[in-house]
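Common to both upcoming complexes is chain A, partnered first by chain B, then by chain C.
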Partner chain A sequence: MFSYCTDPATLEGFQWLSCYLTTGKHMSMYYAFGTVLLLLAITAPTALAFGFAGASAARSTVAPLRWIGKTYIAIVRGIPDIAFFLFFVIALDQAFEYIRHRIKCPDWTEPVRQGNDFVVCTAAKLPLGNAPQWVHETYGFMLAVLTFAIVFGAFAANVLFGAMRAVPKGQLETAEAYGMSRRQTFWRVLVPQMWVYALPGLSNLWMVLIKATPLLFLLGVEDIVYWARELGGAKQPQFTDYPHPDWRMWYFGALLIFYLCFTKVSEVVLDRIMAKLTHGQATTAGERQRKAAA
Partner chain B sequence: MKNLILTTAALAVAGSMALADAHSVVRLGTEGAYPPYNFLNDDGEVDGFERALGDELCLRAELTCEWVTNEWDSIIPNLVSGNYDVIIAGMSITDERDEVIDFSDNYTQPDPSAYLVTSEDVDLANAVIAAQTGTIQAAFVAGTGATLLEFATPDESVAAVKSGEADAVLADKAFLAPIAESDAEVMLLEQEELIGGGVGLGLRESDGELRDKFNAAIASMKADGSLNALIAEWGVGEQF
Partner chain C sequence: MSCWETIADYALRSQGIGERLLPRSDFTLCQQFTLIGSGMIWNIYFGVVALCFGFFLATAVAMGKAAQNPLFRKPAEWFIFIFRGSPLFIQFFFAYFLFLSLKSVSPFFDPLTSAWAGALVVLFLNTAAYSGEIFYGALQSIPKGDIEAADAYGLSGWTRFRRVIWPTMLRLAWPAYTNEAIFLFHATTLVFFSGFPATQQRGDALYYANYFADKTFNPFVPYPILAGYFIILTLIVIGLFGLVNSRLNRHLPQDARRKIKVRPQIIR
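The block that comes next holds the complex of A and B.
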């Protein structure tokens, strides 16, 4: 990166470090921080949407819809995350490919399962075998987002389900008395008021989600923990210009600081959101806010 | 408007023709953490003996190849589910693996496995021996009286010996020799174990055509001596 980096063996101290920290490999690690943040930025709203759909379904008056919602919450919450991540993603990927296989290659006669192999026709591969590497990576990333969203959506659904029931019944009865339909009551009275009850549970979920991002590597996405392990391992002079002993401690130390800072920032932001949501609510904190302002 | 439709149709036809070409890109899966066989260089690209070998094999077999890294633990499941087409990761040919996947001809001679230790007076029969999960070395240690300590990456198994968690690490000699050479703290034992039947490419059992292409390329590299030159350059065992 810098002009003096051509022969790292002659460098020392700060110059050596500045060259070391700007190798292509380190750039991949910095890039991985972006991947993790992007994952969180996409997963959080998606999981919330899954949760909202799950919770709405679970309290629906239509029986089949209610069963779907409740089953989703019960099953996904009950399975260990790691089992879900190992099994579900491969199954999901194969399900997509199988559907495409049936549509795109109707006259394929060989079985899809040949012993241990899962073989679909070339046109059904997802992504296509000849797609560039970034397509494969994006596809892997999207699978990761979907899996995270389904897992955390189930927890969010349970939180929202509880929050919807916590809204004082009097509020809903009043809405009914004003002649609102069920739909109107739901969207205009229940939903705006439930967030204040949901936020403590959701903020917990967000924290857990941040800490769960290293599971990404199970899905083949090279995240920061993967790079910390790879870069921190001892390097022999035969294979690198920057030989060093086992430095994993420093790399994982840096990750520790990153995660701590990130969760701290999250806490501050969540506190602010909580204060905003509490405003004008019939809760203890809302009452305190009202008195403080008065 | 008519032109637009024609162009779209032409593009669609061209697109589906490109799709029909099976294996137009062969994806090579490797671990990227096992020098000198395969590792990530300073630029973060796959490098090492198998990088040079794989590129040459693809050239000779007239294939377009792409490199992918995958964790060792799940390297076979991801091959059979089709995430890449070939495993090229210093994987020794064993009967157990051969039941699940197919192997090409071996491209290295059976390389003896060596013990890396911090002190030479280790009683191997009763020692705690570290090895990478799912390797022939781990299976070997499990079959002896020693206590097996498994790690997900080769690097972690070496770190375990240096920290005193394990008494020795058993791994391919080609992997351990550069470590013993550059690190004064550790050394190789005289005793070596001859396990495994050489390293080969791992392929899906249903992919016989691709295997034949690679076998032909390996045979041609054996015949003209270029494979021996690569083996000598990277120090991965005996010549053919």
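The block that comes next holds the complex of A and C.
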């Protein structure tokens, strides 16, 4: 990176460290931080959409739709979420391949499950065997995002379902009295009002989502945990220009501090938003705000 | 091989008792049920022990955070912030490598690099921080009248804490604490995925479920089995904590009792 980095063996102290921390592999680790942020940026809205769909389904008047919504909400309560993460990645992968298998190779007669193997025709493989490396990585990442979105969508559905029920009944009855249809009541009265009630739950969920990002490692994505293990391990002089003993403790310490800062910042921002939203509301917090100002 | 033989061979496999080799091919449902159930021993061990010890530290932390003196308050606040503000997964990794480097300092730290002690320490501190925050919230919402009444009876110091403040705090915090206990049990599944080695393949329930899913390439059998076990465990926890809850509330009229409600709180 720097001009004086050509011969690391001669460097000392701070200069050595500045060269060491800017090697190509370290750069990949910094990109991995970007991966985490990207995951959050994609997952949060997707999970919210899943949650909204789930909560609306749970309120539906059509019985099968309601059952699907309620099951989706209930399923996350009794089971460790990490089991979901491990389950969905394989299950989704196999589901996609199976569907493609059915479409692309209709004349394939052998069963898909042969003993301990899951066999689909080559044209149905995802990604295709001859695809470049970045396609494999992107596919893995997209599977991870989808898994996160499904699991967190269930949590979001739970929050939104509660928020929809918290909207005062009188509001909905008034809408009905004005002659609005169910659909109009839902979109024009219920949905705009539920967000205030949903925000505490959703901000809690955001914190949880931040803390769930290291699980990307379990899904086979080269994320910060992967790099911290990789780079921190003891390095021998014959294999690298920057030999050092086992530093994994320091790498994971750095990750710990990164997450602490991230949650702290989120906390401050979310508190600000909540203060904005409660302003002038007829709730305890709103009342306290009014008294403090007076 | 009949199912009874499988149970005899593998029921205590996670503790290293019984058949040494795990099944390698022709997996039967019975094997999967037995081994995953055997792994549950670890989950229950971690959860129960961490909860029992964590309860006392949590009380201390909550009292510390509620104290006027910054000498007590600041450390308690930092303790809670560090353990609640970072992922448990990273805490496990960090602690494992920390214990590894401590090992070279003194043989006293040797057991900490194995899961039964090292992961337990992390889970203990973690649950203490989460429950400490719950207890602190409950301390803040003890009715003013209760404490004034205690003062009027001439109670003070330790007696007032033991007879009035502590039971009221527990009663108010219990529904949330039940929730915390459930999700602590769920969090125990992370142990063997985060650095701590499963020596001789003695792992927890998720470890074995993952083993079967990897070997058979079929996630649709082992994970639902695991899910079934955890649902049963959750129901048992709710039942036991419900008993304590009704004892804590026994002096109250029926309609003033606080019900236990499970709310998803999820990963830490």
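Note that the second predicted complex is superposed on the first by the 278 of 294 C-alpha atoms of A that agree within 3 Å, B and C clash if a C-alpha of one lies under 4 Å from a C-alpha of the other, contacts with A are read in each partner's own complex, and residues count from 1 in each chain.
As a convention for this text, contacts are C-beta pairs under 8 Å (C-beta built on N, C-alpha and C of every residue); 3 or more make two chains touch, one makes a residue touch a chain.
For clarity, every value in this text was computed on a predicted model and none was experimentally measured.
Looking at the shared chain after the overlay, A:263 reaches chain C, while chain B stays out of its contact range.
By the touch criterion defined above, A:294 reaches neither chain B nor chain C.
In the superposition on chain A, A:215 contacts chain C only, with no contact to chain B.
When the two structures are aligned on the shared chain, A:80 is found in touch with chain C, with no touch to chain B. When both complexes are overlaid on chain A, the residue A:177 reaches neither chain B nor chain C. In the superposition on chain A, contact is made by A:128 with chain B only, not with chain C. In the superposition on chain A, A:255 makes contact with chain C only, while chain B stays out of contact range.
In the superposition on chain A, contact of A:246 is made with both chain B and chain C. Within the superposed three-chain model, A:63 lies out of touch with both chain B and chain C [touch as defined at top]. Taken together, the two complexes place residues 90, 94, 116-118, 217, 229, 246, 248 of chain A in contact with chain B and also with chain C. Only residues 76-83, 86-87, 90-91, 94, 113, 116-118, 155, 158, 208, 210-215, 217-218, 225, 228-229, 232, 246, 248-249, 252-253, 255-256, 259-260, 263-264 of chain A touch chain C when the two sit together in their complex. Remark: chain A residues 23-25, 27-28, 90, 93-94, 97, 114-120, 122-123, 125, 128-131, 133, 136, 217, 220, 222, 229-230, 233-234, 236-243, 245-246, 248 touch chain B in the complex.
Partner chain A is touched in their complex by these residues of chain B: 16, 18-25, 27, 32-33, 35-36, 39-45, 47-48, 64, 66, 68-71, 77-78, 80-83, 85, 100-101, 153, 155-156, 158-159, 162, 178-179, 181-183, 204-206.
Residue ranges of chain C in contact with chain A, taken from their complex: 25, 27, 81-82, 85-91, 93-94, 97-98, 100-101, 185-187, 189-190, 193, 206, 209-210, 213, 215-220, 223, 226-227, 230-231, 234-235, 262, 264-268.
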